[in-house]
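First chain A sits with chain B, and in the next complex the same chain sits with chain C.
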Partner chain A sequence: QIRGSRARALPDRALVNCQYSSATFSTGERKRRPHGDRKSCEMGLQLRQTFEAAILTQLHPRSQIDIYVQVLQADGGTYAACVNAATLAVLDAGIPMRDFVCACSAGFVDSTALADLSHVEEAAGGPQLALALLPASGQIALLEMDARLHEDHLEQVLEAAARAARDVHTLLDRVVRQHVREASILLGD
Partner chain B sequence: QEDLRVDGRGCEDYRCVEVETDVVSNTSGSARVKLGHTDILVGVKAEMGTPKLEKPNEGYLEFFVDCSANATPEFEGRGGDDLGTEIANTLYRIFNNKSSVDLKALCVSPREHCWVLYVDVLLLECGGNLFDTISIAVKAALFNTRIPRVRVLEDEEGSKDIELSDDPYDCIRLSVENVPCIVTLCKIGYRHVVDATLQEEACSLASLLVSVTSKGVVTCMRKVGKGSLDPESIFEMMETGKRVGKVLHASLQSILHKEESLGPKRQKVGFLG
Partner chain C sequence: MKETPLSNCERRFLLHAIEEKKRLDGRQTYDYRNIKITFGTDYGCCIVELGKTRVLGQVSCELVSPKLNRATEGILFFNLELSQMAAPAFEPGRQSDLLVKLNRLLERCLRNSKCIDTESLCVVAGEKVWQIRVDLHLLNHDGNIIDAASIAAIVALCHFRRPDVSVQGDEVTLYTPEERDPVPLSIHHMPICVSFAFFQQGTYLLVDPNEREERVMDGLLVIAMNKHREICTIQSSGGIMLLKDQVLRCSKIAGVKVLEITELIQKALENDQKVRKEGGKFGFAESIASQRITAFKMEKAPIDTSDVEEKAEEIIAEAEPPSEVVSKPVLWTPGTAQIGEGIENSWGDLEDSEKEEDDEGGSDEAIILDSIKMDTGEVSNVGSQDAPIVLSDSEEEEMIILEPDKNPKKIR
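So, the complex of A and B:
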């Protein structure tokens, strides 16, 4: 059921609405505005793009799916953490998805590809890549890169990010299966 | 009427409270409080600033309340701002007296430098009784706040330089003895109840917010709600508020001291428990 403007209702698909908000005490320096600033809007749009690719929106026409992400503490790799958390939340809500969406960031320093950058590494200014992957099919939902990176190194960095995302997928898969097993035991299945 | 509520509590009983401090590591102090379904996270960041003109010898506190969209979808975008400003203004009022927090301890050099404590409240989930939970969380976070010790060095020209102490454990702690807690009393029918759930709040016409310190001193009182209260019930509610407030403070102090005494090796549940 849609709040806000009904004119935005899509007749054949569900609308995915994402909001990214980070707490004012989440980063080293205190942030003034938790949401509504440019970075939060941009993150919201990126999350929306990622999840529109993964959620089976045709199954829920004329409805809206809201995904609200709240960052409590940020130490680099916020986009990746948001995507992983939102995947679990959407699964927990029972909304059908094509596949898990696993994300990881990667960078390139001193001719080595690094996976999952921390805040210090991100602030150092090297090239950064954010990758959101659907592991089963290997399809990429979102790929974003900042700064300059030589084309030859792209392959290596992409491979590092994909490998890390697949590791995250194994972990998420295990957790979801365990949760479902526990839930079905409790329901007396 | 018979001192029995829907969930079996008496009129003056609180729901089960869970308090945990030091949950966010890049803040000076933090606390998370869960009271039934209400979930609040408070982070305190200490930064250097200049003292206010009318109080050159004191530091100050700044409050900011953010209602997360996770609590209710109406808080998306700008929706939670009204509630946030209302809560922040209430917090300013209850801390607006000389005895709550020792502001002189926050002063580094008069008229030039002082510590400003930015207290940020994040509403994660709303389950009734927001004000009480927020005040408990603010008190716990202030208790947990560790402000690094600074030294002011003066060189020949008279320009001052602030030097931060190198030892991360060398810090000043605030005394939260006199920090008040809010007790909300909702009037339902002829009786008043403490710690109302969402359903009880929906039934109540008016409530009284009383901010009480651990010694039973009332620092601020406010009536909210569309209904009206007659004067005798206000006095009665205030007495109940003082009584309940003292008990609340005593149990909060004991929990905080117990948590602290477990030392750095204690198991942190954080958000994954």
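So, the complex of A and C:
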């Protein structure tokens, strides 16, 4: 079902709607506006883009899939955490996807590439990269980078982020299988 | 008003052309459109034209108290606005998605890359700093707003001069431009965005898409680089799946393009500087050449016509000779004549309208083309229907069915 304007229903695909909101207590300094500020809008758009590419929207025409993400504590890598959480949520809801979407942030300090930056490392102002990956095919669903990074180092950082995303994938995979096993034990016999 | 949807045949045509590595305006896959930079009379005002896409940039400054957690840094504020004159689809309420995306991209590109030294904007630590505000307005949308906007922002910032300030102890004196020459901002580097449009799930890629190509693209990759080959921002949007080596290849191409554009910007800035120093006239009014016949000419698009002749001859040889048609004018009443009757109406069973022989033309009839004959034929043929035929939802429904042979169209 589409809530809101029916005119937005796409005849052959599902509409994916993402909203990102971070709680006022999530960062070190209390944030005043959890909704509607530009950063939240942008995150929402990026999540939407990532999941539109990953969810098999052709299987649900004329319907809408809502994904709401709420950040409770932000310690760096919020985009990556949102994507991983949303992947699990979509899988749990039973919506078919092409593959897990695993995301990780990476940075570059002193000619070494670092994976999964924390808030302190992000605030230090070095270049940071957020990457959302479909692990099986290695396709990049979303790539976003900030701050100055010399072109030659780009490959290194991309590699680090991709490797970290694959590790996240093994972890998510394990968790999902375990959850399914538990659920089937409860439902089965 | 809502954006007019792109027709399927136009979409197919564009995609097909891109598969054959052809673009509508004759560019190669890695070519940029012509970039033109003009400056206004004030410092910090510039218009950048990328093909037909136009962005106006204006920089202004004011002294404010700094942010609490950044007491020694100036404030930089960017604002991109999509003016309603840029495209019919831009309305005051409707543009939020695109606007947010573009604004955030510009902000990240220019602010996070620290192209401006914010520490130098500090006047009195904790009390007074400069707030630099960059306003960009999109005047015309012909694709690739991001590139044009980033160029306009950087050029405006480079061109801007802020009033000189001196601090003596506790006293801050702000000099007007007449007292002391205004001071340029300290800019470390110039990040320029380069956009890549992907088609057919990433198989084909184009640099600097224009508006039509943007409508049929699958996704966009924006890479902002400066001339030292440092990447300032990468953003992929539109839900395409990329491979790592595609991204690396794009960054190499971006490096080359950014060098070219940076050179262009430097030259434009130098020119303007020279003109101002020599006391010549400058400003937007000067950049529009009036009193010249070639003032508003369009540039010639280079088209490859080398094999046109062979192709034309092939087509002519394969085509059948045009059918011989003899048109006899028919005079119904004085002043009303009919020439020909068009081809058979294929909508249903109809009686053929009788063609009467005529003696002489009467009025001087011009040479009639086949299309007009067909037009007449259809009108007269529909008029001669017996049973009303239910027509589909087309304009023909409003057509008044005339009695046969009463009012055929008059042809000149």
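In this text, the second predicted complex is superposed on the first by the 188 of 189 C-alpha atoms of A that agree within 3 Å, B and C clash if a C-alpha of one lies under 4 Å from a C-alpha of the other, contacts with A are read in each partner's own complex, and residues count from 1 in each chain.
Definition applied: contacts are C-beta pairs under 8 Å (C-beta built on N, C-alpha and C of every residue); 3 or more make two chains touch, one makes a residue touch a chain.
Just so it is clear, the structure is predicted and the values come from calculations on it, not from any experiment.
Shared-chain residue A:57: touches no atom of chain B or chain C. More residues of chain A are touched by C (comparison of chain B with chain C).
By the touch criterion defined above, A:70 lies against chain B but remains apart from chain C after alignment on the C-alpha atoms of chain A. Using the contact criterion defined above for the overlaid structures, shared-chain residue A:24 touches chain B, although it does not reach chain C.
Touching chain B in their complex are the following residues of chain A: 3, 19, 21, 23-28, 30, 34-36, 66, 68, 70, 72-73, 75. Put simply, chain A touches chain C in their complex at residues 29, 38-39, 41-42, 45-46, 49-50, 52-53, 125, 127, 129, 134, 137-152, 154-155, 158-159, 162. Chain C meets chain A in the complex at residues 69, 96-97, 100-101, 103-104, 107-108, 112-114, 189, 221, 225-226, 228-244, 247-248, 251-252, 255.
Of all residues in chain B, those touching chain A in their complex are 24-27, 30, 41, 43-45, 47, 64, 66, 68-70, 73, 76-78, 118, 120, 122, 124, 271.
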